[in-house]
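Consider the two complexes below, in which chain A is the common component and chain B and chain C are the respective partners.
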Partner chain A sequence: MSVFHLQHKDSDMPHAEEIQAVLRQCLEYPGVYGVILSTIDGNALEQVLKRDISADRIATMNSSLLALAETLTQETQQQQNRFVILENSDGRIVSLRVNRTLLMTAISYHDSNLGMVLKISQNTANTLASLISEES
Partner chain B sequence: MKLKGLRDFLGRKSGTKSARTVERQDNRNSEPASIVPAHQTETTPAESAQQEQTPATDTVREPAANVPAHQTDTTPAESAQQEQTPATDTVREPAANVPAHQTEIAPAESAQQEQTPAKTVREPTPLQQIDAETRTEAKRCLEQFMSQAQGLHGAIVSSIDGNDLLAVLKREMPTNRLSGMTSSLLALGETVARESGQKSCQFVIVENSAGRVVCLRINRTLMLTCISSPDMSLGMLLSSGRQTADNLGKVFEKGGLQTA
Partner chain C sequence: MAQPKFIFTGTPGVGKTTAIETISEIPLIKTEVPTTDELAERKAMTTVAMDYGEFTLEDGHKIRLYGTPGQKRFEFMWRILIDGGLGLIILIDNERPDPVADLAMYLDDFGDFIADTAAVIGITRLGSQGPALDDYIELLSERGQMHPVFDVDIRRKDDVLLLIDALLSCLEAEAL
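Here is the complex of A and B:
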């Protein structure tokens, strides 16, 4: 149900320009080179990328990753999941929830500050959540 | 009038005849029917009418026309049994028809059958290769890791396909479930890293409001999961986790675990 709802709204997504502006603002931080906004069932809605990356594939895999991480959080009794961080040899990928139906992925270089990336990602997610209400 | 009287007379005569045949028929029924086959018996109009009324039973009995009457006169239960018997016969037939030389298993074949399950048992999985000594040493390594870092809740060593091998925990946790989920998490993390052009995945960090879960590889077949409180520094957790994974890798390599 939610997939159809969001796909339908994707074509004439409200605040599309504002969302793009918020994502570009996130990209202004020198360490971040890609931001993807997607649904929790794995469909990429908006993306701003400095490199040639398959946003659709990453969105799909990150939705599974986040769902799995949230289940792991429940199993370990650690209350609520905040981030999933992939620490790679050539960079970092941070995934977090925007609201009940959306998630955000920030891709950064390896020399970026993790604390800064987390803070910027959280701020961007909060701004997006205030822009996109769950009804839309 | 004369004709009517003649008809009455003839009618009475035929009535007595038919009565006699009925009596005979009754006698026949009481006699063992094996003497007279059913298809040879003369039937009265009344009987033929009965037969016409019950075509279903007749059609059922027809195939048994050559069978003596005492076998055809069966109760519904018996007929039901008879209907069932062919099915069982057909099941049994192939076994009865199988020649003796086919049922007997050749010595070479039987030897193969005996060897097949034994073959699967003999092949050891990577985890079965770990002996008790290596296991004890690995456990000591995990306990040392737990004692060094104050904020740790637990550490689990598991295979990359989700089977837990060793666990040192400060509080009760479902290690088998956690192993299954962390193996998937690490596999997904490695695929995302490859897809985004960031080479290999070093850690998967799950940041929660009441703690962290960090997953990392030990070698090609094993992985380590560290569960910590939020008070513990992430840098400390990653550093000591990496060091412990390296130590565990050495211990398992020394113990003869195949990682290739």
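Here is the complex of A and C:
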């Protein structure tokens, strides 16, 4: 599990090391091969990736995806979207909010357990939210 | 028959959402989120997926109006939104550092779509500073492209309708 492709998008970001540690912990779950923290308007901030994929592009697409999901939620008169799961033939993508301005994307292989991936994604998002709110 | 689909694109913060909202007969479907980068100095919210509104022409035909995100990083949404579109309205903020280059970028990025359909251009915040309308026309001339260019205030319904009318005229002219 040491094949981290760690990138720092914003070295001035407060608590960057702690945030990376939290993302890395999420990546240690079997099957998860990418975790990206991004802004709600589509800029990647921190990411840990085991595959050569573009965090910038995923961050932007996740911004659109969650915005559409939340708009659809409102349009159907439902309350507060919690997450979006993309179930693909060879993997899964979980997208969710960290707080008002940050999003998180977790990417896993198909042999991972959906419930576990979802739970660890939510736990990671909650930990990030606490960490970021502590410093603000 | 499918309802015609027009797409509004243009520079971030130029007012694409406002333009559609100005003429839409239905409450706008918006995907605006708080702006967190340098654009925050100019606007608090930004569109990250699409806007959607509807407008009925005098002949009874309903037009579907889609707005794109402005930032180039959302280019993938541009490709999705132009699918099935009949025409493009490009809005350029004349107070940006190089708005003529901005127009060139949109003409390039939507080039294939424009070649198959039609486009009109609205320049906003045209004042004493920045390029003149003629500078945009010169750019189009250099590129061998002919698209109507208007000085517009997209908060004014008549100005947005002017762009719609011009686009319809272009489509008619190309059909003949």
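Just so it is clear, the second predicted complex is superposed on the first by the 122 of 136 C-alpha atoms of A that agree within 3 Å, B and C clash if a C-alpha of one lies under 4 Å from a C-alpha of the other, contacts with A are read in each partner's own complex, and residues count from 1 in each chain.
Operating definition for what follows: a residue touches a chain if its C-beta (ideal position, glycine included) is under 8 Å from a C-beta of that chain, and two chains touch if they have at least 3 such contacts.
Remember, it's a predicted structure, so these values are computed and weren't measured experimentally.
> Here chain A is shared; do chain B and chain C fit on it together or clash?
Chain B and chain C fit side by side in the superposed model.
> Once chain A of both complexes is superposed, is A:Thr73 in touch with chain B (first), chain C (second), both, or neither?
After superposing on A, A:Thr73 lies in contact with chain B but is clear of chain C.
> Specify the partner with more touching residues on chain A, choosing between chain B and chain C.
B
> Which holds for A:Ile53: it touches chain B only (first), chain C only (second), both, or neither?
A:Ile53 sits against chain B, while chain C stays out of touch.
> With both complexes overlaid on chain A, does A:Phe83 touch chain B (first), chain C (second), both or neither?
Once the two structures are laid over each other on A, A:Phe83 reaches chain B alone.
> Between chain B (first) and chain C (second), which, if any, makes contact with A:Gly91: first, second, both or neither?
First partner only.
> Answer with first, second, both or neither: which of chain B and chain C does A:Ser64 touch in the superposed model?
both
> Thinking of the overlay built on chain A, is A:Ile107 touched by chain B (first), by chain C (second), by both, or by neither?
Only chain B; A:Ile107 stays clear of chain C.
> With the two structures placed on a shared chain A, what shortest C-alpha distance in Å links chain B and chain C?
7 Å.
> Hey, what residues of chain A end up touching chain B and chain C alike?
Dual-contact residues (chain A): 57, 61, 64-65, 68, 71, 75.
> Chain A touches which residues of chain B in the complex?
Touch list, chain B to chain A: 153, 173-174, 177-178, 181-182, 184-185, 188-189, 191-193, 195-213, 227, 234, 238.
> Mind listing the chain C positions that touch chain A in their complex?
That would be residues 29-37, 39, 46, 48-50, 69, 71, 73-74, 76-77 of chain C.
> Which positions of chain A touch chain B when the two form their complex?
Residues of chain A touching chain B: 34, 51, 53-54, 57-58, 61-62, 64-65, 68-69, 71-73, 75-93, 107, 110, 114, 118.
> Which residues of chain A touch chain C once you look at their complex with the stated criterion?
Residue list for chain A touching chain C: 39-43, 56-57, 60-61, 63-65, 67-68, 70-71, 75, 100-101.
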